[in-house]
Amino acid sequence: MAPDATHAEQPIDSDDLEIAYIGGGSRQWAPNLIQDLALSEFDGHVRLYDTNQDAAETNAEFGNWVQDDPDATAEWSYEAVDDLDDALDGADAVILSTQYDPRDTFVHDLRIPKEYGIYGAVGATIGPGGIFRAMRTIPVFRRFAAAIRENCPDAWVFNYTNPVHFVTRALYDEYPDINALGLCHEVLGTRWHLAMLAEEELGMDAERADVEVNVKGINHFTWVDEARCKGVDLWPLLHELKDGERGSKRFTYDDLKDDSVFSDNWQVTWELFRRFGVLPAAGDRHLIEYATSFIADGQDSLNHWGVRRTDADYRAKHWTPAESKQTTNVEGWMEGEREFELESSGEEFLDILEGLTGDGPYVTNVNLPNSGQISDIEQGPVVETNAVVRDNQVKPVNAGGFPRPVRSMVQGHVDTIETIIEAARTGDVDLAFQGFSIDDQVQTLTPDESRDLFGELFAAETEFLDDWNTDDSEVLAKADTFDA
Amino acid sequence: MAPDATHAEQPIDSDDLEIAYIGGGSRQWAPNLIQDLALSEFDGHVRLYDTNQDAAETNAEFGNWVQDDPDATAEWSYEAVDDLDDALDGADAVILSTQYDPRDTFVHDLRIPKEYGIYGAVGATIGPGGIFRAMRTIPVFRRFAAAIRENCPDAWVFNYTNPVHFVTRALYDEYPDINALGLCHEVLGTRWHLAMLAEEELGMDAERADVEVNVKGINHFTWVDEARCKGVDLWPLLHELKDGERGSKRFTYDDLKDDSVFSDNWQVTWELFRRFGVLPAAGDRHLIEYATSFIADGQDSLNHWGVRRTDADYRAKHWTPAESKQTTNVEGWMEGEREFELESSGEEFLDILEGLTGDGPYVTNVNLPNSGQISDIEQGPVVETNAVVRDNQVKPVNAGGFPRPVRSMVQGHVDTIETIIEAARTGDVDLAFQGFSIDDQVQTLTPDESRDLFGELFAAETEFLDDWNTDDSEVLAKADTFDA
Amino acid sequence: MAPDATHAEQPIDSDDLEIAYIGGGSRQWAPNLIQDLALSEFDGHVRLYDTNQDAAETNAEFGNWVQDDPDATAEWSYEAVDDLDDALDGADAVILSTQYDPRDTFVHDLRIPKEYGIYGAVGATIGPGGIFRAMRTIPVFRRFAAAIRENCPDAWVFNYTNPVHFVTRALYDEYPDINALGLCHEVLGTRWHLAMLAEEELGMDAERADVEVNVKGINHFTWVDEARCKGVDLWPLLHELKDGERGSKRFTYDDLKDDSVFSDNWQVTWELFRRFGVLPAAGDRHLIEYATSFIADGQDSLNHWGVRRTDADYRAKHWTPAESKQTTNVEGWMEGEREFELESSGEEFLDILEGLTGDGPYVTNVNLPNSGQISDIEQGPVVETNAVVRDNQVKPVNAGGFPRPVRSMVQGHVDTIETIIEAARTGDVDLAFQGFSIDDQVQTLTPDESRDLFGELFAAETEFLDDWNTDDSEVLAKADTFDA
Amino acid sequence: MAPDATHAEQPIDSDDLEIAYIGGGSRQWAPNLIQDLALSEFDGHVRLYDTNQDAAETNAEFGNWVQDDPDATAEWSYEAVDDLDDALDGADAVILSTQYDPRDTFVHDLRIPKEYGIYGAVGATIGPGGIFRAMRTIPVFRRFAAAIRENCPDAWVFNYTNPVHFVTRALYDEYPDINALGLCHEVLGTRWHLAMLAEEELGMDAERADVEVNVKGINHFTWVDEARCKGVDLWPLLHELKDGERGSKRFTYDDLKDDSVFSDNWQVTWELFRRFGVLPAAGDRHLIEYATSFIADGQDSLNHWGVRRTDADYRAKHWTPAESKQTTNVEGWMEGEREFELESSGEEFLDILEGLTGDGPYVTNVNLPNSGQISDIEQGPVVETNAVVRDNQVKPVNAGGFPRPVRSMVQGHVDTIETIIEAARTGDVDLAFQGFSIDDQVQTLTPDESRDLFGELFAAETEFLDDWNTDDSEVLAKADTFDA
């Protein structure tokens, strides 16, 4: 059968679903999933695997505890598993959601580039920090993919780990027949925002599911060139709004300082729409890392467009690691300190699972290797478009191409991603540096600075980079910032 | 917006649907449509246009008559319109289903090639007859497309006219932004057959809608490389059956002579599956016109594989032209001679319309210009794959590529089609002959024979070919069979 | 450096050239080469390797004997070597020119298809016989390529072995960095013919070297779309001639029976030029195996266009194997029975060598993997275009694309070739049969006949096909003509 | 014939060559050409056309005067022509070399971006200044191409006007069958430099013609991945040198201030070679406008790598316009004030002409639309590779592809160029701004700054931009710097 088709051979048994959750010690997504499953139409068993075994144990305990809730209609059991192969063995579905302790990694991704004048707002998916996150994560996920090939080759794999484009690509690079989907909320957020505009501006009664978009791009740099709400074309409205008050807000630091860092003022969105005629479909704080002229002046420029940066301190402070005893949501519930009410999270995971088990077709945005769904990007790189989910298959929907200038920007980032992926195959540090050096954020540095930034990031995170061959690297040898 | 996206700008009003039916004097499809609409969730108005105005009038009369049926839940009115522009003006949906009187055309397509030893079974979509049908039809449909651009540029256009690939391509060639779908039953038949196999061989309770396939190709030469019934992979079953009794039947003329000419014994299907590992998804009688080794020995060879030919006499005899008074189904009903019971036909037209007006997503096979849905065929030619129908849009689903030998056969026919399309732009007869001469059926003739066959067909149907520049043609000048 | 560039790293020392001649027992080409070298500007050493060691010894003896000729200006020594690795070790240039005894192989390639009604004129490069020759030869040449990689990775490799496209492709498939050129005389013959036309029709004083063509295609199915003689465009002349007497000759068997079988009457050439507007550039007897409508009626059809077939008897009779003592040209010379005069053969081998060693640029037609020199054929397959030879490099010259119908025919043969190449990687007989079955000559057979023809050829030549996995083959198991 | 082939239909008569020189009032190139022709093997007539008719007259006078020189072996006559059509009528060769008075144009291209912090070194071919030069020049050259189509459709057109890639592309965009070559000295300079290295480091006796390179890219951003001197591979030498003293020089302003601004220290070259493994083949001062990290710190960064900027003052001061009486070389000669010695300039124009008239093949680097000579850039954009010049034809030589990061940089600039070319078709200012805004130099500005820079440049040069539709431009309407 066609290698570019994502499909599993055997149907999933909705009454006996085996889920492997890699990174199952999570305090954020795991409790949500547990509740969603308890309210679902599926029964089954979840194996939680985490390098932090205690956290996985706690979640398993919580999962089983939830079964006693009178509202829990589905039957699920949970266990923590300390061996990756055991966790994956025979799984129908695998969830991948892992992260190194950001205090050892992410904070460097943010702090060090800033010292070189690079003010990426998030630093997690592209730019110097995002690239180093990719360099840390790709080798791990290649091993996950290899283990899936051995233990559950036909499983559906849901990757939530950032940078989603790099990481999903790494899974396919290791195991081309994997049935892996890269998932992300940003496009859903755009659809929600468009529904809100339809309500406020057109007086429609609309919610996210009523908005259908034709979406294409790479994760966090996706673009929409058709949008309808209940069949009504939203394009004329968008053109009207971009030139009015909604589309022309500007900000200072003071305007923003009391808002959540995650607030999205859509001003980057409007400006890119104004310039290129197609609508970006990701939060402004992500977009500016790909369309870097918005941070050409650093922090001020960022704020000007209504974006706040989540810096190293923020990330360190807000880290709620699995092992932390501070934010004991689940323990609190289990010990009766906090009242528990079983609630659905609204996550899409179950919608997709239902589509796969016969309740389809279901159409949503998914990250998959390009097999033609974007017509003017090469085949192979992981792109994000709509896909149609049906019985045991997920097929991308054709999204067409881009206006040339937008394609150029997207292709530039694809080139960075593909270069890093290629470099990771052999641990070639100097090739990774080539990919790093053509990144738009990095290109604002002089050649010496970019090499030194690379070396300094490498030095700071070297313990997480031991799949890379530092010995042969001319770049590291020349960098003043790296001590071989 | 992207030119490769098929979508309309304004939503269709389900309560006030305007349909233009070109070829609306039809005695076959029109009565079905009228009944389907009467039972549908839509209300609206249908304008019937036909070169045979009487037939259109009769259908209009019948349509309005059906409204009185107590089971008719929807409100529809009908009128016959004698001007193409009037028929199209402001339409939401356009149905294209026309044919010249086969006694003046189709019979030549069948009889003349047979005299040269070419035994195509159908002769309607490829091979010398199919190519001449295309040469007659393309100029007409270019004019239809131009009229749609003028009168209802945003309408949904449903083309049922053969050869579907040539004709749908001609619509897009004239008017690239047309929202036209080429529709055909063959893949539906394959899904029906697979459901039957699932029932008989796997004991499943299955119908056509339970079978999902990944389909790709050109109309009547489509291929399936994934098939599931309720999520169960049918591939292992198909491999088993191809080598057993089901897959190995052979026939003589006597075995077949009492069967319907439309019976499908699937032996060509099994043989191609055996050879190439992917399953053809069209009736055997169509397949053998594209995979021509099955007719290498003419009639015997055809029968050997369980296929009967519909020859010129058959076509002439079974023609129930719109103007005929012989087969008065609708008159009989209206005049009370035959009892009328309002019945749904099961046609997909309404399923697609419902998908377009919000009751989606609906996935089915559709003929559309390739914009990447088939990964190893160039962009532009009309191909057939699944598409997802949602509010006001139809997007192809990515179907991947072919095994190389199959791609080679498909590409060969694409080359014929594209050459004829290019020739039709300027009426270049000699370029059309180039496309004709590389057709697999024609290639079994010597160079002189192929030129003479071309000339003879041209002479026989010349009154339907007056968009072509015969004066400049070297081929016609040299052909013994054509008198300039 | 770029993998698609054909170049060697070290310059060749013209005064100490090491040549390995694989198939060096040849009675035809070897004596020519020996004389050419003796008259050349190079000095060096030739190692002759042949499965027939005696023949190689004789040629070595002859080579050294020629050194005593007073006209021999260059210094060369010769030795027969009985080990492939020894022959290749450190060579600067490798000549590949081998053939199994045609009485065991070629005669079957010709006789058996004829029994199925297939009248290929030559049977050596495409069609059932050509494909079997390829199946025999590819595994051997993969081993040659592997040995070259080990023993002389930077050597220039000149392949004269048919089928040149299959065989040259096999060399690159095994060793992608090989510096191999596939060489053939057909295009040179077309240039010679054009020079003759310029002389006779335009009164020019012209020879082959005065004619420059833009050539493209695959070996033996090459096409010219520009031709000049001393800068004069020959296109108007060709258009005039194709419609006159020169372009319209027809023949019977009697007309031809006294001519050499190798006579070229150019009528296939004119007819294809007339039809497609571009000029084929290979002998008619080769063209008709690729443009198979010329043999649709078998022998008569062939003769009608002025072509004679070289059949099995002819090949058996005219075989002058290396081990034969009958045609002792060289022995006769050495023993003084025949007078020897040192003469240049006019072969291009030395022209290319001179170009490579600094006497360039030299432009000629060469078979190389497509890296863009043909713009509408995929990259990878071996194609024939002009190339420019300079110091230590051979780069293809951009030749553009084809009219679509011609591209379609070329691509069809490329698909057969690439399928066989892919099949040869693992010895997959059934995949080879897929490639075989889409060949235009084979497609004139019914499915059963094509399988039986395949089986019969396989059975007849099975001793030369032991790299193929017959055990797993469904096709051979089903063929009535093959006994597993 | 193939549209992607550059060739003329009729051979050039070397004894009666008609040359049209557009921009023929030049004081720099015209006197060189006149002397070269006087010493050439051609005879003929030159028509000099210039908006400055006096300058053309002077050159005509000089040309005829040179004929009296005893060393003048060829017969040439000259005339100034004041009508473009008259100048072109029936020409065999057309030279295009024009420029607006830099004091009205170029000085703004340099001064205004500098005020925004953009320190391009030359500003003539890419970056904000280069793009505006393109926007001024493209419409003019479209008119030239249209006039060539009318007056001398088969002529060979030699374009020396910058930006060569934009301008040559504009010629082909207007008249796809034009036989136009874009010519430039930069790659020749690289070959000269490599010959110098071969002499100094390898002790070879070498000059430019002894060095052969495989070159590819766009003009001024070309790359070499093979280089040989008399067959000796220079790659090992280059790897050695890049890490030694030659490859590691750094500079301050003081180090450079006494050097010519045109000195080339090759340090940008070495750094890019070090980073990407392929060698750039243009002067450092051009490269840094395409690989913009070298100017990330402005002037200091530029000097650091050994490059001096030619700023607005320099350009204004050194302008030797045709109408100037200051630098009266030719008048001085003619009036006997300066001694005249007839000398060859070494320009390649005559080498190419000789190749075209039979003295070939000649291989050199040429700018032509990509028809596959670069394998990983789309077809259509004008690229620079080697080409082979023969009788009446120029065919690109296949150069292969790039390492991905280099391809990414090249493609980014291609996207700017193609966007501007597309915009120029209809004078779409906002689309031009899209191309402008994705330029690497411009991307270092904030969105507001880039719009204002665009507006300011437009305002300063508006009289030269009247082919552009300013009225419909949203960008100009929003720019604070442009007054509609």
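Order of writing sets the labels: A, B, C and D. Residues in every chain begin at 1.
The rule we apply is simple: a residue touches a chain if its C-beta (ideal position, glycine included) is under 8 Å from a C-beta of that chain, and two chains touch if they have at least 3 such contacts.
All values reported here derive from a predicted model rather than from experimental measurement.
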Treat touching chains as neighbours and tell me the shortest step distance from chain A to chain C. 2
Of B-C and C-D, the pair with more C-beta contacts is C-D
With centres defined by CA atoms only, which chain is the most remote from chain A? C
So what's the Cα centroid distance for chain C and chain D, whole Å? 44
On chain D, where are the residues touching two or more other chains? none
Which pairs of chains touch each other? A-B, A-D, B-C, C-D
Complex contacts: residues of chain C adjacent to chain D: 1-5, 7, 9-12, 212, 214, 225-226, 228, 230-233, 235, 357-358, 361-363, 371-375, 379, 386, 388, 390-393, 395-401
In the complex formed with chain B, which residues of chain C make contact? 271, 274-276, 292-294, 296-297, 301, 304, 403-405, 407-409, 411-412, 415-416, 418-419, 422, 433-435, 437-438, 440, 442-447, 449-450, 474
